[in-house]
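In what follows, chain A forms one complex with chain B and a second complex with chain C.
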Partner chain A sequence: MPTLRTEAVSKEFGGVQALKGVTISLPAGSTLGLIGPNGSGKTTLLNIIAGLEKPTSGAVMLGETRIDHLPANAIVKLGVAKTHQIPRPFAEMTTRENVSVAVMYGRRRIKDTKRSLNEADRLLSLLGMDARRDLPASSLTVQEKKRLELARALATGADVILLDEVFAGLSSDELRDSIQLFRKIRGEVGFSALIVEHVMGAVLTLAERVVVLEEGAKIAEGTPDEVVHNEAVIRAYLGFEENDSPG
Partner chain B sequence: MVALAVILSDLLFGIMLGCVFAVVAHGLNLIWGVVKVVNIAHGEFIMLGAYGAYFLNVFGGFNPLLSAVVDGALGIFVGYAFYFSFLHRELRGKERITLRSEMVTLVSTFGLSLFMSNLAVVAFTGDFVGINWSPGTVALGFLELPLGALYVTILAVLIISTSVVFLDRTYIGNAIKAYSQDITATQLVGANPTKVASLATALGFSITMAGGALLTVWIPTGINPYMGALYAPISFVIVVLGGPGKMLGSLLGGLTLGVVIDVLQAFVPVSLAYAVAFLLLIPVLLFRPEGIVK
Partner chain C sequence: MRIAGLGVTFFGLLALMLLLLILPFAFPFSTSVILINLLFYTALAYSINFITGMTGYVSFGHVVFLGIGAYALGASADVYGLDPVLGVLLGAALGLVFALMIGLVTLRFRGVYFAISTVVIALAALNIVLELPQLGGSQGIILNLGFQPYSWYYTIWGIVLFEMLITYYINRGKLGLGIRAIKSDEDAARSVGVNVSALKLYLFGLSGLFAGAGGAVFAWTTSGVFPYETFSLNFSLQMLAMIIIGGVGTALGPILGAVVVYLPSYYFLTVAIGTQLIIIGFAVVVIALFIPEGIVGTLKRRSASLRELLE
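Moving on to the complex of A and B:
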């Protein structure tokens, strides 16, 4: 299981600097949180790692392999999988078919449809979704669709998983369940996780280290505790200007 | 009694004709449904399949059933060539097909259509030709069914059902189905979108050209460079009737059109029967643009 790193990754969209030289490191088996206000470049960074966007400059390394020039499907085959912020299930397929496609085409390349469906069932039961496996994916609730995203990412056999706001938009009960579930899965399947959220709760609970982005630049990095007490972070989140801080 | 026999035989012939139409349309449906490109030159590839069967018959003594197999194999190569010359530039790296790409492919395949039918006039002359193949008839009560048409019907149903099972049950079929629903999500489970889209296009062409060969049984003197101008609209109507991207929709649309045309022929001149059949397109597009079945 290799370390995933971005090295001074910048991205420009038509004159707008979406990312300004962001360097992060995700050692094997660790959990890194990536937080920041809306529009801070979190999703762009994730898309660059997953191969959906190319960086304007900088590099993405998986161990000793440079991966930023590779297409997204090749990156999946190297063991890096991403979930979508807005779930994108194959709506006309059943839940288990959705997962089995990822088993077939992911890193493990289990081409036999029966075996891949069995593996899909195993993952769905790990995620507590047995009862949903024969339903069309379009009929799932938002929370279930987010779980399906995670199931598909796991199904590719990835050892690095990029989670784009899987904990967003959940009620507090659902959030608690999801965090518990995530820990359970982590116990059974080993992988490194890069968790992107704009709400901090889940990230601060799960991540060992946290990187904070603001307007495309990294403004803080540290343990969850260090980050929440960092002044720059507080300013970024609460939107205080230097001269109008309270008191 | 006589009238009933006529209607019954028209119905039966309509079903058989509909199955052949269905195959021809199925190739279009696959490309339309998966790659989201409407190939205006579709009819010319049917024509190519029909001429393929004709020349295989003239020079190799092949019957249209055998030719359908050969055409189907050739269609794979033709489909790949089509994908990489007409679609690849428009689809490469895209999350979904853009309006601009839709226009580009519509116009470029329209150009291809004109080019192919005119080239066919030069290569094959404008003469109408046909394949002389009559394996006899079989009596079914008071009806005499031509065996050739019956074999063609069986092969047609076999082609469509095999393709449906292929899409549902196989490694490659699953990726094609996934691609038809979400290109980026397909890429993010590890499938190469170019490989999937080009393969789906190749399959579509394979089926289209095989369909062209099967069609020759129904047009004993009707193979000509401009035949695409009739069979492309028929295919479009069938795909719209059945719903683009619905694989069994081809069969349903084909049967509907075949029966409508054949039964109408009992009452009105042939050309009017086709006109009425095409008229079906308007209410379906207006009221059920997703096809007649949900």
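Moving on to the complex of A and C:
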């Protein structure tokens, strides 16, 4: 399982600097949180790692391999998979067929239909979705669709998984369940995780280290505890300027 | 998804093809001429099904491959005296090559932009041919291949059989699953590792190959190639109508659609002259509005028992 690194990645969209030389490192088997206010560049960084966008400068390395020039489907075959912030199931296909596509076309390249369906069933039961197996994916609830995103990412056989706001929009009960489920899956399937969240709760619970982005630049990095007490982070989240005095 | 052995639809289609194999011996020539035309339209329907039916990329100018195949046979028979069966193979090969070249560019467009690009290419192809004296310009090429109903019949029969088998091969395995994912959400398909561009090009190449073969047979049966008739957008519209009515992407839909669209044309040609395209257009609009999955798709959705049987 290789280390995933971004090296001084910058991205410009028509004159707007979405990312300014961001360097992060995700060692094998670790969990890194990536947080920041809206528009701070989190999703852009994730899209660049997953090959959905090309960086303007800088590099993405998987172990010794440079991957930022590869198309998204090739990056999946190297073992890096991403979930979508807004779930994008294959609506007309059943839940197990959805997962089965990832089993067959992902890193493991299983050709046999029956074997791939069995593997899809195993993953769905790990995620507690047995009962949804034969339903069209369009009929799932939002939370189930988010789980399906995770199931598909796992099904590709990835050992680096990029989670884009999988914990957002859940009730506090659902959030607790999801965090427990995530820990259980980590226990059974080993992978490194890069967790992007807008809200901090889940990230601070799950991540070993946290990177904070603001306006495309990395403003802090450390353990969850260090980060929440970092002045720059507090300022970014609460929006105080140097010469602003509250009240 | 059916995993185990081949189903009722497969054996039904196989039985139909075997029946069609011996039918010309049981009936007079006039019947086999109807059957040749029916199989010709069936071949066109399966060819466009590979790209438009399976991926949802609407190839409005699909007639361009029919035209390329027709001119391949026409020019090779006219200039080099090539055997028409070899002319059909040449038409298939050129259909494939042109589809790969055109697809490499146009398959980057999505939705309506792809559809427009295919129409533009078909119109451009017609105008290029009109300017080429080697291909007879606006006069076209008049061939003298004679009346060969059995050769026509078994050539087009073979083309349809190949198309059916390949449709099955694709729909039932890994390829079919990936293609359905592309049709549903191209970007999501890419994000689970599906090589979207390669699969689309593969299907477009197949559809060009078979439309080219069909076009060559068309030139052979009409014993000539005439630019305005060969590149008529009516062909494109009829191909689309057949798969929309029959059921896009399915193995049974194209032949069903060909029967529904083609057989009434005898009535239209003799009684209600000139109204055929109006009626077909109306039927397509009604079906697209109310039963967008076509005959096969709708039957599968309405009835659980048919879902298992129809493919």
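Rule of thumb we're sticking to: the second predicted complex is superposed on the first by the 244 of 247 C-alpha atoms of A that agree within 3 Å, B and C clash if a C-alpha of one lies under 4 Å from a C-alpha of the other, contacts with A are read in each partner's own complex, and residues count from 1 in each chain.
One rule holds in what follows: a contact is a pair of C-beta atoms (placed from the backbone, for glycine too) under 8 Å apart; a residue touches a chain by one contact, two chains touch by 3 or more.
Keep in mind the model is a prediction, meaning the values are calculated, not measured.
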> When the two structures are laid over each other on chain A, do chain B and chain C clash or fit?
Replying inline: clash
> A:102 contacts which: chain B (first), chain C (second), both, neither?
Replying inline: both
>> I'd like to know which partner A:117 touches here: chain B for first, chain C for second, both or neither.
In response: second
>> Once chain A of both complexes is superposed, is A:69 in touch with chain B (first), chain C (second), both, or neither?
In response: neither
>> With both complexes superposed on chain A, which partner does A:84 reach: first (chain B), second (chain C), both or neither?
In response: both
> Is A:156 contacted by the first partner chain B, the second partner chain C, both or neither?
Replying inline: both
>> Quick check on my understanding: which residues of chain A belong to both its chain B contact set and its chain C contact set?
In response: 50, 52, 71-73, 76-77, 81-82, 84, 88-93, 97, 100-102, 104-107, 111, 113, 152, 155-156
> Can you name the residues of chain A that touch chain B in the complex?
Replying inline: 50, 52, 71-74, 76-77, 81-82, 84, 88-93, 97, 100-102, 104-107, 111-113, 152, 155-156
> Quick one: in the complex, what on chain A touches chain C?
Replying inline: 50, 52, 71-73, 76-77, 81-82, 84, 88-94, 97, 100-102, 104-107, 111, 113-114, 116-117, 152-153, 155-156
>> Can you tell me which positions in chain B touch chain A when the two form their complex?
In response: 169-171, 174-175, 177-178, 181-182, 184-193
> Which part of chain C faces chain A closely enough to touch in the complex?
Replying inline: 1, 3, 172-174, 177-178, 180-181, 183-185, 187-197
